[in-house]
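Okay, so subunit A shows up in both of these, paired with subunit B first and subunit C after.
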Partner chain A sequence: MAAVTAEIREAVVKRRGHPSSHGEARFGFAMIGLSVLFVAVFTAIPIVASLGLSFFSWDVISTPEYVGLKNYQRLFTDGPVLKSFGVTLGMALAIVVLQLTIGLGLAVLVNQRKLVWVRTLFRTTFYLPLLASTAAVSIFMGYLFDYKFGVVNYYLSLLGIPNVPWLTSGFGAAATIVLIAVWQQIGFTFVLFVASLMSVPTDVLEAAQIDGAGAMRTLFRIKIPLISPTILFAAVVALINAMQLFDQPYIMTKGGPGSATTTVTISMYQKGFQNLEFGYGSAIAIVLLAAILVITGLQFLAARKLVFYQ
Partner chain B sequence: MTESTGTLARIGRISGVVVLVVAAMIALGPLLWTVTTSLRTPAEAFSNPPQWIPLHPDFSNYAAVFDRIPIGRFFFNSVVVTGLIVIGQTITCTLSGYAFAMISFPGRSVIFGIFLATMMVPLQTIIIPVFVIIRYLGLSDSPLSLVVSALGSAFGTFLMRQYFMQMPRELGEAARIDGAGHFQTFLMIYAKMAGPAIATLAILNFSGFWAEFYRPLIFLQSQDNFTLPLGLVGLQGNLGTGSISVVLAGVVLAILPSVLLFIVAQRYFIAGITAGASR
Partner chain C sequence: MTGIHPPGGSLARRTLLKAGAGGLGLAALADLAACSQDGGGSSKSLKMLYFGEQAQATELQNRLQPQIAKLDATIKFEISAINGTDWNDFLAKVLTQIAAGTPPDIISVATEGLQLMASKELAVPLDDYVTKDLDALKEYFADIHPALVESMMYQGHLWELPDSFNAGNMFYSTELFQRAGVVPPSADWTLDDFEAAATKIAKFKGINAFGWVVRLWGSWTSFMYANNANLLEEGKYDGGDWLWNKAYAGDAAATGRKGGWKWGAPTANSEATVEALNYMIELTKKGLSPSPDVGGGGTLQGLFASNRIGMSIGGGFWAGGLTNAGMKNGSFDVTMFPKWKSQRHLFGAGGYAIFKSSKKKDLAWEVLKLLVKPETFDLVFPGNVTTPGRKSLVTAARYAKTGPKHWSVFYDTLTKHPDTAPIPAPPYYNALATALNQRTTQAISSGNAKAALDGLQSDLEKAAGAS
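And now, the complex of A and B:
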């Protein structure tokens, strides 16, 4: 119906030769004007400027000095900054894997509940942590995971487990921040997966049941393949976010102990905004952007084999 | 045979429920602890076991937050910044989303393509040039810097465009034949039907910018200009471990508006999450 109408319209327009197209074009430009202005000034131009700045040495005050590839040469021999890329990659992968598996597991379990209010109750529960800011979460989690007085170590001590240095040891701090990020973000993957599981057609599931497929078989052979596009989307978004991990380590550990939780964005913040090395900071930003694009590309490549499109 | 598979299925079902309940406790526990501890006296705040049910709630911490830091000021800044961004983006994104969906003009697909490409680029990788531009505009250390640099959104434009694309073109054509102008057609017919998409975008922006920490940390220097998340982190730093119940009272106050909004508009929060998946 709509297609037919569009065709007729097209034909009419062709015959009449765009009577109002001039006015329409002007109207279109006026409507996008504000968005184009703000997206250009605060997103598009900064992308180009970030790349440009990475070839300069600049402290904001004096005149920028062109240094060619020096910032990049420095980056690839700068041990601490390189380490921050490793730290970020490790923490980001852990966050994404946990967020996807736990989110999917909980979504499958909630999806099995028949009562609507039970499903709503769990959805609300798992969504609640998302309502708090990462700053708020970092503050109260810092207290909960405190080495001496924290509630977590208190309950572990009741079980006879000695105090765990959650935020005061290198590996502990990285692992704890991963857990806290997963705790807060689980609602994102959970809500996505519940929504897409609901859209799996019931006749397919009934057919599987009649053929005698068990719960596990139905899950891995039918449900997961059918929602795989959503899983890919969740994986891409979660990874892009996790690669920018900043608030939690900045607030809870200041990147420490040592440099155990110094992520790329913390390195960039230190070089750019604390040392006022805007050129070098931009080079770090560009390499981070490249890393994110490469990893996202790899995800889509892997998806060609794994994702099932209807 | 049937007996044992029946038992097996029952064990499966019950363990599923157990897992869900434990997960729910983990999700809620830290939030509950934050609320109940904010109701304990500062002296008891760090004494274990924690009090999960506040038998003798003590609200003095909430008064103390206002004495220790200008939390009223932080609240005001957060409300103004978040409010202006929500209103501003609703306008810019509704206008451009409509144009990209319904109006034909030269270069439309190229410009929209550039919009889509910028959506892939994370804020943190362009923050240095954005900071420089803010400085040139004379907005350093002003809450307005947070507003101005967030008034345009490629994602918001995309979201609104998707919604307008589903609307029937015939309505607008009928209105045009009746003599309505382009803008009138947009405002009186299509914008009125875009309520759910506008609500989703507004909720997404509210929750994102109300909680924002990174840009305020970089753009703002004087305490008077801080938004809530930045101010709270400062409060925690100043008080150390001395009076955590006061800090937690501030945390509860900061989360409260989001929770209240969630209660009345839960479906738009959920729509905000699933909206992106249709990309």
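And now, the complex of A and C:
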């Protein structure tokens, strides 16, 4: 090991002396610089700007007025907005649990297929919804699940089942949106899990088989622990996405009925862009960001005990 | 009028310093945006914002350009379309565009946004321009119902020249009425007649007797108006005599007109308002009406055009809309909204205003006059997609191709029902519309109108307070 390190160091020293190395370094910095610029313009600056705006009252038209922490004080006493945090958390948890369990289940089933083309076919099929525009999917699903004219209720009626208020009752709307979000996002977790399951060392699986472990025991004691880092990654990404749920509820229910599907991002949009309270909308955005950071932190804390790194 | 700080004023600068680095940077951006409102388009172009598709806007721009060139040969007329599901959406996007530093010279604004725009002094009052050109405009005012003009006034000043409107009348499918054996409704039909017709039509499988949309214009709010109720206390601003005494002298329809509608304290949970919303819940429970969608009404119009809805609230814009959706002339008709405690209708009007930041206000005024000329109307609104504000344009010839047979109902709403009033659109219209949508869906899904409207009352009180 020490010899290898010494060789690398020698190569680097030689390389530094090479005339073209400075040009390469500049090229490298330029490439990194582009990424940094991209992140700065589209992520860092908007976040900082939003943080700044959250201390102002601004209706776009008038000059911004500094209000200190008033927007935050208002947020923590604003019942409907606080409720939207609860709605978001509930829907996000449901989405993450379903997305992970169904995604893992499908991945395990597909992984057992030996034929490569079968696996490819399933991977493609489950991934396709992810490629569709969420707005288009939401409009389409809105028609499918319409109470009176929807195709879903039409076929249910053929079975003698009365019309279901998919999008016109509080629980129905939330559940339908969760199911649609899961259906559309499941391709992502599914592909991750399939790839991860394929990387489980075969010698470990063979050893388990020789020791007499059955399929379920192998799954829960060998495969899941070995792919747990992937599960953690999928859980973190899925939760971050779910906490920002906007398109489906906004297009399908406008946050209703009542406020049953009013997520935090819808509250933020309503306050900012509809009610012209950009400062307050920004405060909601910052608190949502903080909430996501805290929840993600908790996930990583839990991962210390639950995730197994090889 | 509410005052606003001058962009970049010293007070603003002092307050900005308190914000720290992040806030300072952002607020500076905002301030820049506000300062750039002084621009009002480039010096060689006259910019107008239009609610619709860009293809239509470009077509309109090309049609009007030769006429604008007669006013000023060096000016290029540019119309930018803003797409949205409703006026709420349109307004939000307009304000974002203003914030981005690209305000227009002329803007087309409906009743929904008039008081917001006027209260924020985004536009200029047209009083002086109208007074200066009153002789030339007498023909225009003689042709425009004073109710439409009054709806474009705020705090005694005229902010827009109206060119169009839509009152909430009742459209019905003549085919479904015939199949159900229902006699076409007369203009003075009642709510009982309406329900009797709905009950007969609802017997057809897959057909809804009455369809509606959750929104401010032509929703359950039409029932509320017919029940002599409103979401806000009604009043009128003083003033406006400068216009009424000169432009409408001797016109009985102008009697009692003042300086614009003054929307007062919320009355969303008044007994009559609750009764109106309860009526809608009952219609749903009886199977006479499906749970409504929220928004612009495109789906509703499509369902009506495919003969799956017997009746719905529509204005003159439905004549063109239904025709464009494939309905044939004669397959639908229109009548007055049914009488409940009264036969009061609601309406929304459209018109044009001059942006305060425009550097070409005089030219913009000339364009405004051009836009409200009779010959311009069909350039702006081809195919009966709204009701002309000028009575002389509401003719049998106009509706010969599209229908409806009883097209005269559109203007008669204003002339025969003088208590007809604009939708309640105060300066905090956006917050009102958002709350109304939420609370209406809450009421329909829970079946409890009182609780939902108590909530709306609270929402509106907060919004009014903040405003």
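The definition used in the following text is that the second predicted complex is superposed on the first by the 267 of 310 C-alpha atoms of A that agree within 3 Å, B and C clash if a C-alpha of one lies under 4 Å from a C-alpha of the other, contacts with A are read in each partner's own complex, and residues count from 1 in each chain.
FYI, a residue touches a chain if its C-beta (ideal position, glycine included) is under 8 Å from a C-beta of that chain, and two chains touch if they have at least 3 such contacts.
On a predicted model such as this, the values are computed, not experimentally measured, just so you know.
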Counting residues of subunit A touched by each of subunit B and subunit C, the higher count belongs to B
- Query: Taking the superposition as given, does A:Gly281 touch the first partner, subunit B, the second, subunit C, both, or neither?
  - Reply: first
Requested in this report: Check whether A:Glu65 is in contact with subunit B, with subunit C, with both or with neither, and answer first, second, both or neither.
Outcome: second
Note to self: Output check: A:Val237 vs subunit B and subunit C. Expected answer is one of first, second, both, neither. What do you get?
What the structure shows: first
Q.
Tell me the contact category for A:Phe149 with respect to subunit B and subunit C: first, second, both or neither.
A. both
Partner chain(s) touched by A:Ala49 [first = subunit B, second = subunit C, both, neither]:
both
Checklist line | First (subunit B), second (subunit C), both or neither touched by A:Val294 | finding: neither
By the touch definition at the top of the document, which applies to A:Ala302: first (subunit B), second (subunit C), both, or neither? neither
Q. Should A:Gln112 be classified as contacting the first partner (subunit B), the second (subunit C), both, or neither?
A. first
Is A:Gln270 contacted by the first partner subunit B, the second partner subunit C, both or neither? second
Note: overlapping subunit A surface for subunit B and subunit C spans 49-50, 53, 60, 149, 273
In the complex, the residues of subunit C that touch subunit A are 4-9, 12, 15-16, 18-27, 29-31, 33-34, 88, 92, 95-96, 98-99, 120, 122, 208, 214, 290-291, 294-295, 303, 308, 428, 430-431, 433-434, 437-439, 441-442, 444-446, 452, 463, 466
Per the touch rule, the subunit B residues reaching subunit A in their complex are 9, 12-13, 16-17, 19-20, 23-24, 26-28, 30-31, 33-34, 37, 46, 48-50, 91-93, 95-96, 98-100, 103-106, 108, 111, 114-115, 118, 120-133, 135, 148-154, 157, 168-170, 173, 182-183, 186, 207, 210-214, 217-218, 228-230, 232-233, 236, 241, 244, 247-248, 251, 254-255, 258-259, 262, 266, 269-270, 273-274, 276-277, 279
Given the complex, residues on subunit A that touch subunit B span 2, 5-6, 9, 21, 23-29, 31-32, 34-47, 49-50, 53, 60, 102, 105-106, 109-110, 112, 122-144, 146, 149, 151, 154, 183, 186, 188, 191-192, 195-196, 215, 230, 233-234, 237, 240, 243-244, 246-247, 250-251, 265, 268-269, 272-273, 278, 281-282, 285-286, 288-289, 292-293, 296
Counting only contacts in the complex, subunit A reaches subunit C at residues 48-53, 55-56, 58-66, 68, 147-149, 165, 168-170, 253-260, 262, 270, 273-277
